[in-house]
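By written order: A, B and C. Residues from 1 in each chain.
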Amino acid sequence: MKKGYILKRLLRSVISIIIIMLVVFTLVFALVPRDNIFFEDATYRKLGGKPDEKIDYVYNTWQKLGYLDYVKINDYCLELYEAGSDEIKNALNPDSKETADFVALYESKGYTIGYYTVSKRAYAYKDVPLLQRLWKWFSNLVRVDTIYSVQDPNNPDLERKVYFGRTPTGGLALIGSGTYHKYLLYTDSHFPFIHQNFITLNMGESYPTYQGLEALSVMFSSQGTEVKRDVTYETGETGSSAIDFGSLTYKENLDRMDKKKFTDHYANYTTFKDQSSMVGTSFTMGIFALLLAYGIGLPVGVAMARNKDGVIDKLGMLYIIFITSVPSLAYIYIFRYLGTTLFGLPSVFTTFGPSDIRSWILPIISLALPSISSLMLWIRRYVVDQMNSDYVKFAKAKGLSRKEIFRSHIFKNASIPIAHGIPSSLAGCITGAIITEAIYSVGGMGKMLPNAINQYNNTMIIALTFLFSTISVLSVLLGDIILTKVDPRISLTDKAGRS
Amino acid sequence: MMERIEDNLFEFAEFDERESEHIAAPRYSYWKSVWRTFIRSKVTVFLSIFVIALVAFALIQPMHSGYSPTVAPNINNSEMKYLPPSSEHLFGTDNIGNEVWDVVWAGARNSILVSFVSTAIIMVIGILVGAVWGFSKKMDKWMIEVYNVVSNVPYLLLAMILSYVLGAGLGSLIFVMVCIDWIYVAYFIRTQVMIIRDREYNLASKCLGTKTFTMIIKNILPYLVSVIVTYISREIPSLISYEVFLSYMGLGLGTNYASLGRTISQYKSFMTGYPHLFWIPVLVLAAIAISLYVVGQKLADATDPRTHR
Amino acid sequence: MSEIIISAKDIEVQFRVRENYLTAIRKVSLDLYTGETFAIVGESGSGKSVFTKTFTGMLESNGKITNGSIMYHGQDLTKLKTEKEWASIRGVKIATVFQDPMTSLNPIRTIGSQITEVIEKHQKLSKSEAKAQAISIMGRVGIPNAAERFDNYPFQYSGGMRQRIVIAIALSCHPEILICDEPTTALDVTIQAQIIKLIKDLQKELGFTTIYITHDLGVVANVADRVGVMYGGQIIEYGTVNEIFYDPQHPYTWALLSALPQLGVKGEDLYYITGTPPSLFNKIDGDAFAPRNPKALKIDFAKEPPFFKVSDTHYAKTWLLDPRAPKVEKPAAIQNLHEKIARMTSKGGAFHVRTE
């Protein structure tokens, strides 16, 4: 019965996530003017004097991002005639028969017809319906790599096979040809030492910032300066590079440099950098802040409850009042000021970089400040409630001392709701802290969403929303499961557990 | 030992049945007790007066100061820039020659206005929806899913899109805040209502045929006064904080309106050179927020009948 | 020959409530003998629980013993202040069983651990020895399959079994005095009888003194050796159970007995006492029961009556026992209580007064 409940909850969680994504899709694609995405695009600006190329670029980009389907008269004509032939030149004219056919054909399919400013040639576009867009996103989400994944019109004879071999760095590998990734399974010296590319998550390409990079890459790849080392490529070419061989993917158009290094078409790669990824940085900071928060918040909160209305209680309440009422912006600045003037700690993370522990101290404590306050408040409340309960009176009548009652009764009962909240706190570590990371200039997840929104980077907005909401929904489920483990009265199928 | 007692005392006394029904416990009036508990602490009284004065001043001063964020009369007058606090310029002047005194109070006014008005609207909507939600088991089934969805949509996204659609300004920021926060109030009220909905006195009312609406108004809401005041005391500083945050991020009220958040964001680069520019708005913000919160908390405690001694 | 085990003299307890003072116990004296069962009976608010809380130092934080002494083994319990001082009394010498077994037990800890923690603390036994002892007590109080049920949680037990566990916990360290504060009020009628019998049997076996607090005269009749009737913060009459039931002297005791629903005659209204107990915020002049007593004398409103001796074991605090007072008969309803009760039990009622 218990398994059935968890499955049902998971199903409902998945549905919630889908609905959230639908809402966000609506917000992003329907409500935000689609012209705005070009604000941060340098290529777009450069095309200022070439209106036709601009239109082409704009519609291509929109198509790439999934807004619409875009067809040019050129593509239509290429199916009928040879490229470069006279027939084509005639057909491309706006008053040609082919154009009229083109227009009739696509209008009947529901497309809107447009004409380039200069050449007056025709093109057609049609918006992709929202639900279809959502469906496409989800169906592309999980990419299973097969030997038929790559369909390159310029390379029809691409071999399609899978074979064992070695990576240039000496690791064992299962290599594919015709697959998106070159190394489907490989070993190297980086955690977790065995890597797979059979099944990867694909949340689209980031645009306009981080162009060409996959959304997940942006979040999870290392940052900073490249870590170069001597490598020997398959061709025998040597050099100093930060290349991650395991990340090789198919590249359609190889340039000269690519041909020198690679024997095949697998020439796209990511590089190793010295700093941890955005997710890694935020998570590290978050975990330590969390440990600090629980380590200080819980004991102090308990002390406040035991010392109710006494000095410790009053001081604790002063702290809670301060943190709760003053905007975090203000008190983090105040705290940073104290930290830098009294202890000489750096005021931004980038002064000494992530390798120096001094960079981490102030941000971690700043992150912990509000959590400490809320933990203090809540556990104080729970403990006070327990202190007034009947079983505590009975325990007292049994002859147990206050210390014993606290240790074996009150604290155990009060911890239950606290344990319930641990997964959510952990989830918060990943999502990053916007203000803290902004003030200390930390390269973490915190600034990702505001930046993505300000830069109209739809792909990132959607990818981030998916990540955050999945983590959030799952942590609620996890919290409920923990609750049943810790509180013997609650069984998942019995809704009338407590109160 | 027995002293002399007159014999006539050993006669039967008049028996008044009504006298025996007399309840002699001291009278209890809820609101009187609330008031008495509230003014018991001198700190509370002082802070209440302080807060009222602060809020009144923040609301009135900008109307007479003639300050506007779009106008900088002294921008070319280098003599008026970066002056430290003095008797002439109480808070000093900033990088474009404006009186920091004016800037700060104008920003405080907007922060207070936005948070008070938003809170009022949020509470009304949230309480109405939450009360019905908590009562109706049918509504709970689907409303919980709505809540899950709404609380997971990134509020920053919602804020940005709404401000884009509505334009920047006081009204649109209030609208944004209401849209985002009402669901949390509704959820909170729903939980509280669920806790007391099944208490015996409500079951008794139901048996007697009391209409749901009457039950909500007369049985449940009075109990919630204390928790509602607690919520409000946290919500107002939270919204002030939120406005500051949005302005700092570049969303928020927009450049046409004074805002403490934007002010702090603008002045932060002067922290080392002219510290008064940064610290004064921060401290004013802290003072307002803390006093509002403490007074709210004390009021919340006073409205909880269990604290009435 | 039994002797006095605990002796309370002129106890006065006050509570601070909303800036007023409420005198909950107004000069109560009581001596208890070893091995006896003493029942304190009275309405809600009469002070029964508060009085016994003074024996274990469990008064609420706003309450204080403002007068009197409680002598126990040469120690004055009213003078004990710290946790340490009480540690050797609570649970060890004087144990308490409360009314609601559900809330007396910690819901998230196993039953077994809640018994063993008392044993381990007071008797300094090892974990396994304590467990063995706990299981044996569980068996003694009638828990079937005690060894298997040792690790169960309170919600897995029924109400009656939980109360048995509470009793087991209370008796696990062999106290001298067991205070039972309405132990059966929250239980089914059928379970009530079992629990009462259990306590009686255990008392015979272990020899402790029992104080029963109850408002149920049926229970009193069943278990008590001696009875004390409380009203308005005072004991207004006390004596052996026979004396109280068959020869009550105080008008309040009459009223209590008359109000037994079992004495009702078909077709007639049930008897009830008009009015409500007095407010203990104010000083009470005279007899506290006077405003509700149709047979009150003028002096009942003026001066507080002293205890008048009815027999060596029977005292009552009423002016009616003064030689100058007019003769007042017991109400008709409670005359010939003997026969009425015999008739009831012969019809199969559960009411039974011990006649030893």
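In the analysis below, a contact is a pair of C-beta atoms (placed from the backbone, for glycine too) under 8 Å apart; a residue touches a chain by one contact, two chains touch by 3 or more.
Just so you know, these numbers come straight off a predicted model, no measurement behind them.
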Farthest chain relative to subunit C (centres taken as mean CA coordinates): A
Chain closest to the middle [Cα centroid of all protein chains]: B
Centre-to-centre distance between subunit B and subunit A (centres being mean Cα positions), rounded to whole Å: 35
Whole-Å separation of chain centres (CA-atom averages), subunit A against subunit C: 67
Distance between chain centroids, defined by C-alpha means - subunit B, subunit C (Å): 50
Residues on subunit A engaged by subunit C in the complex (per definition of touch): 389-391, 393-402, 404, 408-409, 412-413, 416, 486-489
Subunit C - residues contacting subunit A, complex: 56, 58, 83-84, 86-87, 89-92, 95-96, 98, 100, 103-109, 113, 117-118, 121-122, 153, 155, 166, 169-170, 173
Touching residues (chain side subunit B, partner subunit C) in the complex: 2, 5, 7-13, 15-17, 19-26, 33, 308-309
Touch list for subunit C against partner subunit B, complex: 16-20, 274-276, 278-279, 281-282, 290-303, 306, 319, 322, 324-326
Subunit B residues touching subunit A - in the complex, by the definition given at the top: 145, 148-149, 152-154, 156-158, 160-161, 164-165, 195, 234, 237, 240-241, 244-245, 248-250, 261, 264, 268, 271, 278, 282, 285-286, 289-290, 292-294, 297
